[in-house]
Amino acid sequence: MPFTQSKPLRFGDCDLTGIAYHPAYFGMLVDVNEAMFASFGVTWKALMFERRIGLPTVTLNVEFVRPSTYGDVLDFAVHVRAVGRASLDLQTVVSVRGETIWTVRQRIVATSLENHKSHPWPDDVRAGLSRYLEPSE
Amino acid sequence: MPFTQSKPLRFGDCDLTGIAYHPAYFGMLVDVNEAMFASFGVTWKALMFERRIGLPTVTLNVEFVRPSTYGDVLDFAVHVRAVGRASLDLQTVVSVRGETIWTVRQRIVATSLENHKSHPWPDDVRAGLSRYLEPSE
Amino acid sequence: MPFTQSKPLRFGDCDLTGIAYHPAYFGMLVDVNEAMFASFGVTWKALMFERRIGLPTVTLNVEFVRPSTYGDVLDFAVHVRAVGRASLDLQTVVSVRGETIWTVRQRIVATSLENHKSHPWPDDVRAGLSRYLEPSE
Amino acid sequence: MPFTQSKPLRFGDCDLTGIAYHPAYFGMLVDVNEAMFASFGVTWKALMFERRIGLPTVTLNVEFVRPSTYGDVLDFAVHVRAVGRASLDLQTVVSVRGETIWTVRQRIVATSLENHKSHPWPDDVRAGLSRYLEPSE
């Protein structure tokens, strides 16, 4: 089952042609990434500042299928496709009223903030992510 | 020859782990896209408001190779890989002191702001883009 | 009674010293302004695109009392201090766990998007704003 | 003599009514603040990370006189009005083609990033700021 969250397209997220400004989508994606971790009790704040683990995104493959416009509510559905030793593969589908607006495949790698090397997922994070695991066919 | 532009990583572009916040990169990319058009005398403002042509990005394939940090100057090199009837394929390499930081392959499609359908490149835009054309091997 | 809304300080709202980046506060303020109008049934989208009325802010007087940090939830309390012919005076107090973080006095002027002149508040907007009216002592 | 810098109003700085989105102005102001320090050889990066001094803004008093629109070049003129023990009072006038667009009076307080108390200006910063000192009449 995917992790889901809905976010309105805000006034400041739109460009002057009246549609979403694509950089704003990536700020929303970060928020949704963070909310997924919070859903299983792991705050990014604790992960970064207490456990000293950062979560850089290393790849993003995005398709913008149709524009969204001011006033739309974007429904994010995050599918966890794979959890590696230190990596996380996500596929997120963003839709409005059931129609796909944009999709993104994303790889995140857990990284030590001390030595900037990849860092194995802590057990509680791995367990939390596994709740949403839906391998691609 | 690529279109090039350098942009500093600003205070507000960094996250609290001290590295670039990836959504900020996409705002920079939009600026660089716009500057490339201006380099051959076509402002986005005139294109959008006089000729009623928008330039939505339809795909982005991004690799973040290494982080950039506050104070870095990002050198953007935009390679025009193909100019179709209404499409534009770009490959942009972003580096700091000669080291690649991130890369992105991007497709833009010229679109009528009246009917939201794809719109052939005007001749002056096609000629301008062709200056930078370097087909991939 | 003030209009109230709570918003988390997001990862992307913080600067690299770990506290809120002040420009991010103003994006939140716009969101809260918009939500107050929506609370009495007037969407900015309809106001701008159907009735052709814009809502530019003309003054902002801000005091940043203490910093907020990543993970804080900001409680916005918007006090309507005056509703003029076309103007709106707001005083917003933003607090975290009961402590004031920043405050702002703001004047908005309803403006015709056709001729860029001030435009009297429509009756439904005036009635909605009046619900929150609390003149300063 | 004021410190001056010009910045274009970028595509992403505009809202969907076609004028500047006011939160974007504050990101520009931060950039201009930073550039003024750099003009006398003090980078914020060194100030924050080597000397552990932050530069929070504590008050902003802003008037938006007329809107700017996409394609405008904003000319920032920063007048240093007072340099106290740890405080800095700035008055910035932002104009387009000689017409004032917005103005802001701003107080910044040098603050230790170790104990979050105010911190006297280092001598080199004080000397640099004094170059631009123009007390109000």
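Note that the chains take the letters A, B, C and D in the order they are written out, and that residue 1 is the start of every chain.
Operating definition for what follows: a residue touches a chain if its C-beta (ideal position, glycine included) is under 8 Å from a C-beta of that chain, and two chains touch if they have at least 3 such contacts.
A quick map from chain label to UniProt name: A, B, C, D = Acyl-CoA thioesterase.
Keep in mind that what you see is a predicted model, and the values were worked out from it rather than measured.
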Exercise. Does B-C or A-B have the larger number of C-beta pairs in contact?
Worked result: A-B
Exercise. Of the pairs B-D, A-D or C-D, which has an interface that repeats that of A-C (more than half of the contact pairs shared)?
Worked result: B-D
For this session: Give, as an integer number of Å, the spacing between the C-alpha centres of chain C and chain B.
Result: 34
Problem set entry | Inter-chain centre distance, chain A versus chain B - centres from mean C-alpha coordinates, in Å | 23
Problem set entry | Residues of chain D touching at least two other chains | 11-12, 16-17, 21, 23, 27, 30, 70
For this session: Going by the contact rule at the top, pick out the chain A residues touching chain B in the complex.
Result: 16-17, 19, 21-24, 26-27, 29-30, 48, 54, 56-64, 67, 113, 116
Problem set entry | Residue ranges of chain B touching chain C (in the complex, touch as defined) | 11-12, 14-18, 21, 23, 70
Problem set entry | Of all residues in chain A, those that touch chain C in their complex | 10-12, 27, 30-31, 34, 43-45, 70-71
